[in-house]
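I've put the structures underneath this note.
Both of the next two complexes hold chain A, though its partner changes from chain B to chain C.
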Partner chain A sequence: MANFTKATSVKDWLNQRLAIEKVEKVMASEYWIPKNINFLWAMGMILAVLFTLLVISGIFLLMYYQPNVDTAFVSVNYTIMSEVDFGWLWRHIHAVASSVTFLIIYIHMFTAIYYGSYKKGREMIWVTGMLLFITFSAEAFSGYMLPWGQMSYWAGMVITNIFSLGDLQFNGLVEWIRGDYVPGQAFLNRFFMLHVFLLPLAIMGLIGLHFAALRIPHVNNQDGEEIDFEAESKKYLDGDKKGSKVMRFANDFMSKDIMVLAIFLIFFFYLVFFHYTFALDPVNLDPADGLVTPAHIYPEWYFLWSYEILRPFSVNIGLIAFGFAQVIFLLLPWLDRSPNTVPASRRGLFKYWFWLMLGNMIALTALGKLPPEGMYSTLGLISALLFIVMWLALPFITKNEKKA
Partner chain B sequence: MKELKILAVVIFFTLVTYWLVEPYAHGVMHKQVDSKQFAYSDLDEATKGVMSKKGDATRGKDLVVNGGCTGCHSITVADIPATMDAVTAASSYGVNPPDLSNSGVVYDAKFLAALIKNPAQALKVEHKFTPESGKMHPMVPFYGMGGDIDQEVADMIAYFQSIAVSQDELTPEMAYENACARCHSMKYLNWTELGPKPSFKTEIESLTYDLKVLEYQDSLKAYMGKLPPDLSMQALARGETRARNFIEDPQSYLEGTAMPRVGVNAQSAEKIITYMFDSADPKREQRDTIGTYVIYFSILLAILAILWKKEVWRDLK
Partner chain C sequence: MKESSRRGFMGKALGAVAGLGAIGSLVAMKKTWDPLPSVKAAGFTTLDMSVFTVGEMVTEQWRGKPIFVMKKSAEMVAKQTEEQSARDIVVNGTSYMVAIGLCTHLGCIPAYKQKEEYFLCACHGATFDSAGLVTKLPAPRGLDIPPFKIDGNNLILGEVGPEWQALKDNGITL
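Presenting the complex of A and B:
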């Protein structure tokens, strides 16, 4: 057993039992961060804060929400929005935060792709990040079912239908997922459970893992510089704060994290109070009606690009393309064959690959919402094919990259 | 400087995506209809005669009573009661004919003139009452009382305008009740198709009332082909512009729809829209006020955060 002495202070008492000083060093004051990183490295912290906001606002919504097909719509749109004091505020925060989380996730992902932050020991950061993306997608989808509006119902119908896997006709699987032939009470109940319990739990675990995966390789930097963290941190501790290439996480980088976060919050609250309709689709303000199909069925904006990879093809091919799009990002660290961990701007062909991929995904996002007619369906097909071809070409493009 | 450039790139791509997914895609998906500012100019021709006459309210009163209107409509301000209750009226006409006390202020005068002479035309439901269908609009047209029919109609309109409250006194709720309540419920503000649901002491009374509502809805369904949707959330579900254009002319959005053009004037339409927002978005003023404070507060917080960061980083750079 360890040797415990009479504590001289509360801190000492805790320190003997929890080693808080050590923990503080590992997690904050001696968690070394390179100095040459920009505000894009604060996106992770913004995501952590957004997730916290989602949990808190979600708890308040949960106090009045009723997971019942007859009362869900009213409990959200009337009870929470009109009757409960500040219910509207929690709902707007929850809806806007979920949508903005995806915006920041995409920025965070493309930052990592641009700077090559998924290579050289950072593969697990990337993989856990992608797992977070997948669980977040499931979380967003299950949450979208809960108000039981027209879009909840019909998006639920369309997305669960995907599991019949086209000509494989796995209708039994679809019914098993729905708990019924069509979305109904059993369906709502299970998505409620997933949304408020299982998936948030999984996300919390994955965030922990994501952070742990960061600790050993440290974060990347914007110049692709190889930093000797041992030597540089010694310089810092010996007093040469200016000369050292690294800084403490707390308070050094944290002060910047918080600065970026505070500026972001102005934008966030502007959306919450004055520009929230993009996060609360008007079609979903009609109560669910299994007999009336809405003229246009589309998912939330952050799923549009993968929806558009499914849509232009015949059912079976579409499903294969869709499956491809879901897993391919996960494999990025191995598809990129170049050892260069430098910004894309210094990486030959990859530079063009990056901007084209970004532009094409924005195009897919727009086309996923536009009705698939005439020019839009042709463009959709081209964009979807381009997406696939570009991923297949990636190993060849990066294989012969010159040492940067 | 470099960071600002990066920020500009991030903002650029975010805005492009936003613009494509929201304004652009919605513009393509939903056809835009131009408002004609409630001018009802398609009725100019049919009402030329009436509109050139100056009406006389006293003569108008006799015409309204003797010309048949009160056989179907009540006029409570003039102590003229309904001849039957709403449920019975609906079983005869398909819908309960509205009380006419405030019709002079809610409806456009030109529209009223056209309505009295030819309801199906004014209401734009002639597609439902074609000669081949053999069906007649439940409101019989006014064929005149022997004098100059245009003068008679002008007199009636003058009468309705004389008994109505002024536009200033007309509340959003009154405008809504006159023009929409006979067909639509608005549950979040306690409206059934029979009016605001009273609170009852016993469950039997409450259920009896609900039963009447169901009976009324059955007649309405038979008349309209479907139950008109509840309007509680429609202000947000359809959006303000679309709601306004839809009230002005339902056919412009839903061709062949059973919902009549109700013929309200522009001011009444605004009040009806306000009322729909009172139901769908009752906290909008609170939201705007609090939102402004929160933004100011966030700006203050951001300034403090920037200063703190500068302070910490002075030793680093």
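Presenting the complex of A and C:
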């Protein structure tokens, strides 16, 4: 047993039992971050804050929400929105934060792609990040069911039907997932459970793993430079703060982070108070009706690009293309054959690949919102094919890349 | 030696019991997610076919799904192609179009255009003719015909009768 002495202060008392000083060093003041970074390195912190906002607003919504097909719609649209004091605030925060989370995830992802932050020991950061993206997608979908409006019902119908896997006709599997022939009480109840318990639990675990994956390879920097963190941190601690290439996570990096976060939160709360309608689709203000499909059904903006990859093809090919789009990002560290860890601008053909991929994802997103008719059908098909071809071409265009 | 084989045995025994427990709980979890007996028992609907008007597309409901029903006159039947007629359900000498009103692509309800006599699915743009045959992708096949049994003037949806079995065996519906 360790030797405990009479404590000289509360801090000393805690230190003897929990080693709080040591923990603080490992987690913050001696966790080293490169200096050569820009505002895009703050996206992780913004996502952590957004997730916290989702949890807090979710707790308050949970106190009035009723997971029942007869009362869910009213509990959201009347009780929470009109009766509960500030109920609207939690709902606006919850809806806007879920939408904006995906915006920041995409920025975070494309920053990593641009700077090559998935290579040389950083593969697990990328993989856990993509698993977080998938879990967040499931979380968003399950949450979308809960108000039990028309979009909830029909999105639930269409997305669960994907599991019949086209001509494989796994209709039993679809009925098993729903617990009914169509989305009903069993369906609403189990998606409620997934949304408020199982998926958030998985997300929290994955966030822990995502952070842990950063410890050994450390955060990347603007030039992909391999920094000797031990030597640089020693330089810093010996007093040469200016000459060292690294800084403390707290308070050095945090102060930069919080600056970006503060600017982001101005934008965020502007949306929450003055421009929240983009996150609350008016079609979902009609209660769920299994006998009427809305004239146009479309997913939230952040799913449109993958929806557009599903749409232009016949059912089987569409599902294969959709499945491809869901998993292909996960394989990026192995599809990029070049050893160069530098910004895309210094990487020859990959530079064009990066900007074309980003542009095409935006095009797919725009086309996914338009009705599948005439020219839009053709453009959608071209964009979807381009997406697939570009991923298949990636190993070849990166293989012969010159050493940067 | 004796010691290590004893430990090996205990390890395997523990593994076996834990494995059985894990399989057992997976079975229980799977079955807990199955549709409830009350949901399954409510899966039958009886339609009185004599009340429909010729040429009018009516939406009924079975297992929470919309069911399209249209009574056809003799002239309408005569105009049909063989493929279209194969899908007709004949009750008491009258032909009917009966189909599950969910697009075979991903399950939206196609809207019936009365004038042009075809269905259009707004979700992904598939079309079907008035007999329920698919005329434009991405739907993989015509509208499914629900299992039915003919009982006099009544059509019992959810029960399998010989007429439906024949449609299924001929590959006309799933």
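Here is the rule we go by: the second predicted complex is superposed on the first by the 404 of 404 C-alpha atoms of A that agree within 3 Å, B and C clash if a C-alpha of one lies under 4 Å from a C-alpha of the other, contacts with A are read in each partner's own complex, and residues count from 1 in each chain.
Methods note: a contact is a pair of C-beta atoms (placed from the backbone, for glycine too) under 8 Å apart; a residue touches a chain by one contact, two chains touch by 3 or more.
Just so you know, these numbers come straight off a predicted model, no measurement behind them.
Chemist: Looking at the overlay on chain A, is there a clash between chain B and chain C, or do the two fit?
Modeler: Aligned on chain A, chain B and chain C fit with no clash.
Chemist: Per the contact definition in the header, classify A:His296: touching chain B only (first), chain C only (second), both, or neither.
Modeler: Once the two structures are laid over each other on A, A:His296 reaches both partners.
Chemist: Between chain B and chain C, pick out the one touching the greater number of residues of chain A.
Modeler: Of chain B and chain C, the partner in contact with more residues of chain A is B.
Chemist: State whether A:Phe39 touches chain B only (first), chain C only (second), both chains, or neither.
Modeler: first
Chemist: Examine A:Tyr78 and indicate which partner it touches, taking first as chain B and second as chain C; both and neither are also allowed.
Modeler: Touch status of A:Tyr78: first partner only.
Chemist: Let me test your reading of the model: by the given contact rule, A:Met259 touches which partner, first (chain B), second (chain C), both or neither?
Modeler: Only chain B; A:Met259 stays clear of chain C.
Chemist: Does the superposition put A:Ile162 against chain B (first), chain C (second), both, or neither?
Modeler: In the superposition, A:Ile162 touches chain C alone.
Chemist: Looking at the overlay, does A:Ser377 come into contact with chain B only (first), chain C only (second), both, or neither?
Modeler: second
Chemist: Just chain B (first), just chain C (second), both, or neither: which does A:Leu173 touch?
Modeler: neither
Chemist: Let me test your reading of the model: by the given contact rule, A:Leu285 touches which partner, first (chain B), second (chain C), both or neither?
Modeler: A:Leu285 sits against chain B, while chain C stays out of touch.
Chemist: Pick out the closest CA atoms of chain B and chain C after fitting on chain A and give their distance in Å.
Modeler: 11
Chemist: Could you tell me which stretches of chain A are touched by chain B in one complex and by chain C in the other?
Modeler: Overlap of chain B and chain C footprints on chain A: residues 295-296, 371.
Chemist: Flag every residue of chain A that touches chain B in the complex, lowest number first.
Modeler: 35, 38-40, 77-78, 81-82, 88-89, 92, 103, 107, 241-242, 247, 251-252, 255-256, 258-259, 261-263, 265-266, 269-270, 272-274, 278, 282-283, 285-286, 295-296, 301, 304, 358, 362, 365-366, 369-371
Chemist: Sort out for me which residues of chain B touch chain A in the complex.
Modeler: Per the stated touch rule, the residues are 2-3, 6-7, 10, 13-14, 16-18, 20-22, 24-25, 28-29, 187-188, 229, 232-233, 236-239, 280-283, 287-288, 290-292, 294-295, 298-299, 301-302, 304-306, 308-309, 311-313, 315-317.
Chemist: Which part of chain A faces chain C closely enough to touch in the complex?
Modeler: Contact set of chain A toward chain C: 154, 157-158, 161-162, 166-167, 169, 175-182, 184, 186, 190, 290-297, 311-316, 318, 371-373, 377.
Chemist: Please output the residues of chain C touching chain A within their complex, sorted ascending.
Modeler: Result: residues 30, 33-36, 39, 43, 59, 61, 63-66, 102, 104-109, 111, 122-125, 137-140, 174 of chain C touch chain A.
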